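Next come two complexes, and both contain subunit A; in the first it sits with subunit B, in the second with subunit C.
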Partner chain A sequence: MDPIILGIAVVNGILLGGLYGAVALGLSLIFGVMRVINFAHGTFLMIGLFIPFWTWQLFGLNPYVAVVIAAPALFLLGYAIQSVIIAPLFERERAMVLEPLSVLLLTAGIGLILDNLALMAFGPSVRGVQMPFASKTLWIGEMLNINYARLMAFLVSIAIAVGLTLFLSRSDLGRSIRSTAQNRDAAALCGINVRQVYNITFGLGCAILGVIGCFMVPFYYVSPTVGLSFGIRSFITVVLGGIGSIPGSILGGLILGVVESVAGQFVTATSASIFSFVIFILVLLFRPTGLMGMKV
Partner chain B sequence: MMKRVFLIAIILGLLAVPFGMAQAGEKVDEIRIGVVVPLSGIGATVGAQMKTGATIAADEINNQGGIKALGGAKLKLVIGDTQAKPDVAASEAERLIQRDNVQVIIGSYQSAVTIVATEVAERYKTPWVVLASVADRITGRGFKYIFRPCNLAVYDAKEQLEAIKALSQETGKAPKTIGLFVEGTEWGKSHAQNVRTLLKNYGYDLVFDEAYTPGQADFSAQILKIRSKKPDLLIVAMFTPDHILFNKQYMENKLDLPFGLHSVGSGAEDPAFYAATPPKAVEYMFVQEDFQIDITDVQPWTQGVSKKAKEVLGYDLNAYVAQGYSNVYIIVDALERAASADKEKLREALAKTNITSGPALITGYNKIAFDATGQNVDSHGAISQNLNGKRTTVWPASNRPQGLKYVWPIPAWKDR
Partner chain C sequence: MPANRESRSVLIGAGAIVCACFLLAPIGIRGEYYLHVLANILFFAYMACAWNIVSGYTGQLSLGHSALGGIGGYVSTLLFIYLGLSPWLGMLVGGFTAMLVGVAIGFPCFRLRGPYFTLTTIAFAEILRIWVENTDEFMGLELRGAQGLLVPLKGNAPLLFQFDSKVSYYYVILVMLLMVAAVTWWMEQSRMGFYLKAIRADQDAAEALGINSTRYLLSAMALSSFLTAMGGSFYAQYFRYINPERNMGLDFSIEVALMGIVGGQGTVIGPILGAFLLTPAGEISRSLLGGKLMGLHLVIYGLVLVLAVMFLPKGLIEPIGRLFGSRRRRPTEAPAVRTAS
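== the complex of A and B ==
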């Protein structure tokens, strides 16, 4: 195998993998803090893609600028859904330890409703944003070319991961979130408003998707069902990297991206996914908490 | 005592209902046509187009007085959403047949879905007129109730290769190597298999041959592979979202294909694809479709249907609207001859279809007549090239606009 081609495949895999990792960040955060498996994760990504699409379509607004609209909008949506729809389920359980099944079903239901609302409102057409900038590529040598839009998405993914890590370790709110993740009851005893922390965490998880959506829209397509494939990949990434770990999420994403890309050079892409799943199973067998996960 | 009598009366009443419904009689109030298409999931835009075409046709028929042979019976479309999943389609078909008592069904775009749903129809002895699914197996199972007006997959492949041969002969410049890149389910694989089999007769070498999973996010790895194998020409079979991504990346990577990108349709027949892809990415692309894209220029009566479609969908007549429209007219033609709502008689009438004029030919065929396997022997498509943003028919030569200068081979990216 030509080393140049292999190198190019790795680079492409890294670019895509960083994106998978960032998409999975929200999922990892939400589960790490609240033990809620958010089945609607892909759906929120879909909303995060539609907002910049519509601001572009209706107002001609550059999707990168639309971040200031998409991120707060999704934060509010996530906050609202957590405080109004999911929180009552928490109230019902005494020690605020949830039966995994009920919340799973709840988030799955939320996802279904939002998916179909989007389908009803926007129609099934596949849409895309047309931005001349998005088609420009950076050529390195003769064969390697990196699409600027994908590069930006990758850089933003890393920036989000770094930003989130700093936020969680340095700020007061971040510390509250981390302590709630470690031990709910102890955190409550320390005077932390656990309910508020949950709301903010869910909102934050969704806001991340809003930012990523704005950076994905230039090179990806938009449709009511776009969240599905990313939703599934997010789960694999999160379990691979370790639930609740931010670097783990990015690492998991990178592994997934690179494996798919490199394997795709040797076997057909459909078979290449098998490698990702095999790694996934191996990790589950030998390190169930994931590569960098915290001990649950 | 009264309670028991009441209960028995109700039970007897309920038992009588199916009998009442079974006696259709020759004066029928309505004919129910099931429309089983994807309205969500991959291909939902196409499902909406098919449903629109069928609705326009049904409205026209009803406004003209319904089915004359059945005393003015009106057409009623009963919709089922396949969600692009075979198992869902099968249960939708079953629901339409058992609960809604449809006389006939049309559907379902994706071959993988149609193949499963038609099995249900065959089991319940309900006629099914296929929409757009080209996989050979659909009419190759010895089923009696399945009819397909549109192309068989092997026709699609043959037309693509014939067009390549014709353009090569006219210009004296021919490709030597071909690449195949198809979606990895029933349709794509069927097409790839047909191309492989037919290639022997044309003498081209196959240097790249791969399938991908629909819904892929990034084609860079495969484009890289294609570039290293250097085919002169690439044949693709993709659904809309993948086609959008692929064309964008094909342009960004400046992948040179001297004799062009040849799409066997689906994604490339969908107006949503052209709205979402930059014009440069679709320049010079050849598209094979079961439809003559410039038919509104050639057959002016179709402009009325196109206008109605535009009101509903926002874009003009395309292959899928035309097929939805045509299938309803084929069914109406059969109903008029059968003069009965009975499914068996309808099936027999469909088998004897011989349409040589009229609205059913909006798809551009010269004739609709089904052979013993249920395949329309006269279906054919056309190949268009995208020149200056307009898709123009280049094959068959007889359908080509006068004096058209097509581009063969196509210029390299650095020369555009």
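== the complex of A and C ==
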């Protein structure tokens, strides 16, 4: 195989992988703190893509600027869903089980509702944002070119991961979140409002998708069903990297991106996704805590 | 206990009457459409029961059962097209294929605690669906991608699973449903049923008592996969058509799981009840609104799922069971048929 083509595939895979990792961050964060797999995760990304699309379509707003709308909107949406719908169930079940399966079902139901409401409102058509910036590329040497919009999305993804790590390790709120993740009851005894922490965590997990959506929309399509494939990639990513680990999530995303991109050079893109599933199963078999996960 | 025996005989009597009604239904029903709707309900009841064996009894939620059904449908149809093998045999081959796949998915997950099984089933089903949708030919076999496969017509050939009238298909799926209900009932009464309930209630405690939880979870998954693939084969033969979007999609998995959850997981009757309530609801909303509001029936399904999880965690079977059984059962301390999830 031509090393230059392979190099391009690897670079594209890394750019895409950073994005996958950042998309999975919210899922990982919510699971790490609440022990809940959010099945509506892809749906929130879909909303995070539609907000900048519509502000661009209706008001001509630059998608990068739309972050100031999309991120708070998704934070509020996540906060509201957690505090109104999920929290009561959580209270009822927490005495009985550690990882409430019914919460998982509940989020699946929420995803189903929101996905299909979007389908009813916007129809199944595939849309996209046209930006002159998105078609420009950065040339490295003669052969290797990198799309600016993709590079931007990659850099923002890394920035989000670094920012989240700093937030969790340095700020008071971050410490509350981490202590709640370690031991819910002990945190409550120390005066932390656990329910509030859960609401904020869920909101934060969704807000990340609002940011990502704005940086993804210049080079990615928007449709009501776009969330599903990203939701599934996020599950694979977090299991690969280790559920609850921020660097693990990025690493898992990078692996997934490079595998998809390189395998896509040899087989069709859809068959390439089978490779990522095989890796997923192998990790479950031999290192179930994930590459960077700690033993729970 | 005499009281218990009495309530059991009432149950058996009621069951016999319901069965008789279904056996005689084709005589009373005029019009192919209604019989078709009824067969469709029975099909969903069958799939929900098969799903229930692994997800209802063990609490390991599968959202990828459509893939197992799809495997059954594709294997039996491909064997019919290429080798001329009767789908009656093909559905068994499909069943064993799905069983192997199901065990392969279950094995890495059941050794772990947590949501791994759900994540793996959903990821497997989606990847398989996308792969089939984009594969026109695989090792010389024509899969025809998203177009799906047509079952070649042979006229009225009962030995090849092809009948002239819908009545025969109706009876086939009715017998299959009775069979899966009987298997579920038998499993519930057996040692395995009690082990599964123990695992569901508290896996660590069950293992401390010496139950090999991985083994029993895998057995349940193997049985459930086999039965689901048989159902998928029936679907392919009944509609004479199979395509990845409908037969392997996530919507289908969620529909089947929803029926089990709304009706009552971990019971013999619950999933059947759920199918009888939800299939007509979906059918009506689809036929009333037609193509006007795409996705409306799925919004309704989502709402039903959220409401059921919030307000009826044990399914509809519980209030109904209380209506019939509480007076009789309470003094005998009803056996722990349902364990809290």
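Quick note on the criterion: the second predicted complex is superposed on the first by the 289 of 296 C-alpha atoms of A that agree within 3 Å, B and C clash if a C-alpha of one lies under 4 Å from a C-alpha of the other, contacts with A are read in each partner's own complex, and residues count from 1 in each chain.
Simple rule for what comes next: a contact is a pair of C-beta atoms (placed from the backbone, for glycine too) under 8 Å apart; a residue touches a chain by one contact, two chains touch by 3 or more.
On a predicted model such as this, the values are computed, not experimentally measured, just so you know.
Q: On subunit A, do subunit B and subunit C fit together or clash when superposed?
A: clash
Q: Looking at the overlay, what does A:8 touch: subunit B (first), subunit C (second), both, or neither?
A: first
Q: Looking at the overlay, what does A:140 touch: subunit B (first), subunit C (second), both, or neither?
A: A:140 sits against neither subunit B nor subunit C.
Q: Using the superposition on chain A described above, determine whether A:119 touches subunit B (first), subunit C (second), both, or neither.
A: A:119 sits against subunit B and subunit C alike.
Q: Does subunit B (first) or subunit C (second) touch A:101, or do both, or does neither?
A: The second partner, subunit C, only.
Q: Applying the touch criterion given at the start, work out whether A:162 contacts subunit B, subunit C, both or neither, answering first, second, both or neither.
A: A:162: touches no partner chain.
Q: With both complexes overlaid on chain A, does A:219 touch subunit B (first), subunit C (second), both or neither?
A: first
Q: Is A:229 touching the first partner subunit B, the second partner subunit C, both, or neither of them?
A: Both partners, subunit B and subunit C.
Q: In the superposed arrangement, does A:273 touch subunit B (first), subunit C (second), both or neither?
A: both
Q: Out of 8-16, 224-232 or 242-250, where does subunit C run into subunit B after the fit?
A: 242-250
Q: Where on subunit A do the contacts from subunit B and from subunit C line up?
A: In the superposed arrangement, which is not itself an observed complex, subunit A uses residues 116, 119, 123-124, 224, 228-229, 268, 270, 273 for both subunit B and subunit C.
Q: Which of the residues in subunit A end up touching subunit C in this complex?
A: 37, 85, 88-89, 96-97, 99, 101-102, 104-106, 108-113, 115-117, 119-120, 123-124, 224, 228-229, 232, 235-236, 239, 243, 268, 270-271, 273-274, 277, 280-281, 284-285, 288
Q: Which of the residues in subunit A end up touching subunit B in this complex?
A: So the residues of subunit A touching subunit B come out as 2, 5, 8-9, 12-13, 16, 116, 119, 123-128, 130, 132, 135, 137, 143, 145, 147, 219-221, 223-226, 228-230, 260-262, 264-265, 268-270, 273.
Q: Under the touch definition given earlier, write down the residues of subunit C that touch subunit A in their complex.
A: Against subunit A, the touching part of subunit C is residues 59, 61, 63, 107-109, 111-116, 118-120, 122-124, 126-127, 130-131, 133-135, 250, 254, 261, 293-296, 298-299, 301-303, 305-306, 309-310, 313, 340-341.
Q: For the complex, which residues does subunit B have touching subunit A?
A: 39-42, 44-45, 47-48, 184, 210-213, 215-218, 220-222, 224-225, 227-228, 240-241, 244-245, 248-249, 251-254, 270, 272-273, 275-278, 280-281
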